[in-house]
Amino acid sequence: GFSQIGSESGWRAAETTLTKQQAEERGYTLQFSDAQQRQENQIAAIRSFVAQGVDAILLAPVVATGWDAVLQEAKEAEIPVVLLDRQVDSSDDLYLTAVGSDLVHEGKVAGEWLAKEVGDNKCRVVELQGTTGSSPAIDRAKGFRDGIAGKANIEIVRSQTGDFTRALGKTVMESFLQAEGGGKDICALYAHNDDMAIGAIQAIKEAGLKPGQDIKIVSIDAVPDIFQAMAAGEANATVELTPNMAGPAFDALEKFWKDGTVPPKFIQTESKLYTQADDPQGEYERRKDLGY
Amino acid sequence: MSINPRLYPLLATIGIFLVGYLISYLQFPAMLSTRVIGNLLTDNAYLGIVAVGMTIVILSGGIDLSVGSVIAFSGVFIAVLLRDTSLHPLAVFALLLIITTVFGAAMGWLIHALAMPAFIVTLAGMFLARGVAYMMTIDSVAISHPFYSMLTSAYWLMPGKGRLTLIGVLMLISVLAGAIIAHRTRFGAAVFALGGGEQTARLMGVNVGRTTVLIYAFSGLMAGLSGIVFSIYTGSGYPLATVGTELTAIAAVVIGGTILTGGAGYVIGTLFGVLTMGLIQTYIVFDGTLSSWWTKIVIGLLLLIFILLQKGLLRLTAFGEART
Amino acid sequence: MLLSIRSLSKEFPGTKALQGVDFDLAAGEVHALLGENGAGKSTLIKCLTGAYRRDAGEILLDGAPIDPASTAEAQALGIGTVYQEVNLLPNLTVAQNLTFGREPRRFGMVDRKAQSAKARELLAQYGIDIDVERDLGAYSVAIRQIVAIARAVEISGKVLILDEPTASLDAAEVKMLFSIVRKLREQGLGIIFVSHFLDQVFELSDRLTVLRNGRKIVTERTRDIDRLRLISYMLGRELEETAREQRTASNSKDQKPMLRFEQLGCKGVIEPFNLEVGKGEVIGLAGLLGSGRTETAELIFGVRSASTGAAEDDTGKISHGNPREAIAAGFGFTPEDRKVDGIVAELSVRENIILALQARRGWAAPLSRAEQERLAEHYIRLLDIRTSSADKPVGELSGGNQQKVVLARWLAMNPRFLILDEPTRGIDVGAHAEILRLINEITREGMAVLLISSELDELVAACDRVIVVRDRRHVAQLSGERITSEAIVHAIAQPGAASHTEAA
Amino acid sequence: MGQTFRRITPQLVTLALVVLLVTVFFPNFLAVSFDGTRFVGPVVDVLKRSAPVALLGVGMTLVIATRGIDLSVGTVMAISGAVAAWAITSGYGLVGAVGLAIGAGLLAGLWNGCLVAIVGIQPIVATLILMTSGRGIAQLITEGRILTFSDPNLAFAGSGSVLGVPFPTILWIATAVVVALLMRRTALGMLIEATGINRAASALAGVNATVLLIAVYMASGFCASLAGIVATADIRGADANNAGLWLELDAILAVVIGGNSLLGGRFSIAGTMIGALIIQTINTGIMLSGFPSEYNLVIKAVLVLIILVLQSPNLAADWLFLKSMLKARRANVRSETP
């Protein structure tokens, strides 16, 4: 059983595709359930999985809290649960392991990149946040601030939610540009995901500025389209969040079934930083068919 | 036959639910376990409770779009208060129910005093409740209180390992209470009267203002109660929770045979509407092959089929009635 | 005095509905309140029961000033009211409607059994035995009217107000109602009775008060006043009795009929019937409530689809399967329930009048504003529609004037066959005569009319031919000299009479 | 003309107040400059960004006038956007893409209209069905990702400008004007109002209510498809997951703030357009003012509530009452003084 959050972004669609691919390659039947962004649906789905008696449950939790009861039920039914890409607050004996990246770390990588990039120059940063209240938005904001901590020359002057969407990314960026002297006062943009960054790039171009030069752009996820932008010199850096969470998850499950090896509680995927130096065109070609 | 035609929509709803269940059972025999039935009640407890309030509102010819946000607010309120103060959960519950009831009453008052449509006033209420939830915390907050663990694990193990949980029972009690209020009190009669026509209701002696305030206060109360149940269900408070629940609740009420323009319907019907929605969800999970988008399409189509079946059934009975 | 009203005034935007009206009601009397359409009768009543807030004046009940802010308060004071437009809830059961607000309770909950028992008991006084657990909406207008009366009577401890209670009742029911009203009078209630049926006023009332244009004209003892003087009080002028004269014999006798309906019928609604309509002819439909007159009209106009039968004129078959086809075929129809099926309340008088015309022309060919205004002015003058302006929303007119607007809508279409379902219900004597005169006039120009009416006098005065409907069948036909009230009553009542008259 | 103006005066006053409020928090709000090719400034942004809500509002006004409601417009935006992006990437060309997208919108409207007018399902439920399942259809087309395209002609619909004015602005104003003229210069407006106020009576008067209802939902679908094309063109990609999400609520809000009754009947498209501008001014104002995002909803809710209270018909009656009372008192005083 695989309880997916929904399909709110291309990244998640890619994760779903890859999970299905992995299951197919390894010969498992995958019970897929889409929760339409709602925890209650996920809880209901897990309960149904338990009622159906599946062998293992993959869960991409929509929110960190509130899983104790249902994970307890799964545990009582002796079904191992693996968390994908997001964490939960529950005690860690309720699930087998969690595969994911560290959201705070991602933000920090982005922040550190910017700190290095601008050196000691003064830099006014605008931030496009994710959906208010979602854990990536909270953690990526925090990580970025950790990354630039101690650099008094870098200042976050405006931050507003872009809801992780391209359209709002563009809209909000337009108002940032208006508010900051037509964009002349902005030195860099930090977007919580690539989609918003791509929207913002269009806004910057339409305002007559050069994204990537006049305004440096760093974002997170590493979806194909951002590599295209990087190849065109319009974006500067992105931090990868791999959608292939299922691979390590199945590895862990297989080991567990074979000889009862209990995997570590957190299997961290790499948060690799890509810049224009990393052959963006090549990365684009590699990724574009992954179902993003 | 001496079945009162008033009952036809209700019977149609129940009939359709049973047929739906039968079909699911034939396809997935595992559907007929006490486990699935227990889950159906537990998973939909919060929806059932809020739908009871929504039924009363819709019976009166109104609508309450704020309930989803109020549930989210409730969860956040409880979680934050339990985290930051040493109040006992029961005290927090009481405080919360007072707040949500007053919130509902205030919306009812605005609707009446400003002669504004309920749709818009409660839409503003929807923004407001979620906005306040954001302001309390943007993070999801876990609730860890021994009393809560007790509530979560309060269930009765039915034969066949199904669990009849406290919140499931609470929903059934709410439905019962709602049914009594709607069908067995003078207030209920006033609600139906409003649904039949405000002008006429006024001429018949209904205190329209007071009734409107009470209706939305009741809906607020049920939304608060639903928030409590939801926080027990998930053990946390999260400002982004239950987005769009108001629409699910409305759909459940309508499937339950209540007429959206008000004045006709049964609270018991709403229970079956909720269970039908739950059934659709369960069916899709059991099926387990639908992609994200097909899930959405299929939910919509099943909704349509239920409504069409209901309409067809009613038309048939009305036809039979005309011929006798 | 049981109830005194002192210089009551009420103003609506653009209309002074009541100006300094005084009114007294003694215990144990039936006091008729009379006046033209729009005179302010309903407004006076609504001010009295708290449905409207008055602008000035005072109301004394048993000598003490009262100021009901809502109808609930008035009810608590013992004032029971039947409003002009039926004011019950079709979505509640008969029993719930009857006991609304005073439901019998046990342990704080409504006691359904006692409720139904009480409802049955109340209706029994009116000789009605129906399933009180059904929705009120399932019953006919007459039943609803009686339920409203029964409810008001039950509430009224001191004052009972009846605003045109008999508009949709037939003779037997009216008789029943009157006997109940007399009984209440003996018990010492004060009763206010509004009606446009002067016969009923003379039969029932002890005193009467006439309003005109929102002012009180006179209060007198009924037995001291005669009919003509009463009418001149109401209208402010003498009524020319032209309409009373027998209709000039129809000229269509020997001609080929303009329209022929053959075996038109619908299962369970009405038995198939034949109908021939001559140019310029007025055909009456008589029958008891629920006999199937409206259904006949609806079938012809395509509101209901017929299961059998066809229609033709001299050019051949015509289709009239829905109102639009019927209109295209030159039919017109004013429905009996003007509030539900007739007026478009928030649109202006002007727009209501041109609605059908515009619908026929299609959306792309709008009537010019000037043309609209000309039409509106024309019919407002022709039918004497009382409105402060042609742009007033029609819902703010008095009931009778709304009826005239609907009539104007169809006259503007100049159809060849106009169906009028109870066109004079709730219309005052002056307008009543006016409408009958109008029917006479339009038919002279060749329009044929199907007139449905519960008022036999009206049928007698206006029709060339009367068809009697009973139990959803057309059972008899009277024409020419044979049209008398007695003959119609006879045909309605007597199964045997049918063959007799048809043979004649 | 004068009448229309009087009708929307309260909305204009509200708009002025909201603009004033935003200017207090962001003094440069009214500054407009010309950068050589186009006008720039927050006001221009507002005029451009109100395009989706204003376009949806045009159709929504008509639907609401018939006593209906269309919850599916946001979803129809997503479908049309997806269709347009898919068509342009599959080489159907600009005309094909726009045509297909509009066709999709009309089809969606036809579906809604049939459910409402022929099957007789209540509008809110009928359109709820398309609202939930339609997004699935849109995702089916884009397969859940953002379907990007690079055709500059289609992109023009989102970010191009004519004589310095953003194209979306021109599009929504033109649509509103054309539809408003169509309604008032022909009899359509009155027939729609009549149907909304009393469908039974209108049908008896020969109004083809069924066709009119279907047409109105199709008009709504048409407007939604225009909005969808603009939204897609704007970001040069179809985002089936998020395009138009919850915009139906904003559109309904615009209709009501525009002074139209949700109970159908009399309607004013000009009012709705001002309503859309008010909403967008609030949205842009929130973004410009620099408050943290978590306050967005509360600010919006409070402002909307205040606007509703100010525009409430009851309050208007109270105003008139107060005014006439003052006048009466003054008259009394005058008559007593000599």
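Order of writing sets the labels: A, B, C and D. Residues in every chain begin at 1.
Going forward, a contact is a pair of C-beta atoms (placed from the backbone, for glycine too) under 8 Å apart; a residue touches a chain by one contact, two chains touch by 3 or more.
Everything numeric here is computed off the predicted structure, so don't read it as measured data.
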Longest centre-to-centre distance from chain A, chain (CA-based): C
Geometric centre distance via CA averages, chain B-chain A, whole Å: 34
Chain centre separation (chain A, chain C; CA means) in Å: 71
Sites on chain D at which at least two other chains make contact: 139, 144, 294, 296
Residues of chain B whose C-beta touches two or more other chains: 134, 138, 291-293, 295-296
Multi-chain contact sites of chain A, meaning residues that touch two or more partners: 7, 13, 16, 132-133
Touching pairs - complete list by chain label: A-B, A-D, B-C, B-D, C-D
Chain C contact footprint on chain B (complex, rising order): 4-6, 180, 183-186, 188-189, 192-193, 195-197, 200-207, 263-264, 322-323
Interfacial residue positions of chain B with respect to chain A in the complex: 30, 33, 35-36, 39, 42-43, 46-47, 79, 134, 138-143, 152-153, 230, 233-244, 278, 281-282, 284-286, 288-293, 295-296
For the chain C and chain B complex, residues of the former touching the latter: 51, 70-72, 75, 81, 83, 87-93, 96, 100-101, 103, 105, 108-110, 112, 133-135, 138, 267-268
Partner chain D, residues of chain B touching it in the complex: 110, 113-117, 119-121, 123-125, 127-128, 130-132, 134-135, 138, 247, 250-251, 254, 259-261, 291-301, 303-304, 307-308, 311
List of chain D residues in touch with chain B within their complex: 69, 71, 119-122, 124-125, 128-140, 144, 249, 252-253, 256, 261-263, 294-302, 304-305, 308-309, 312-315
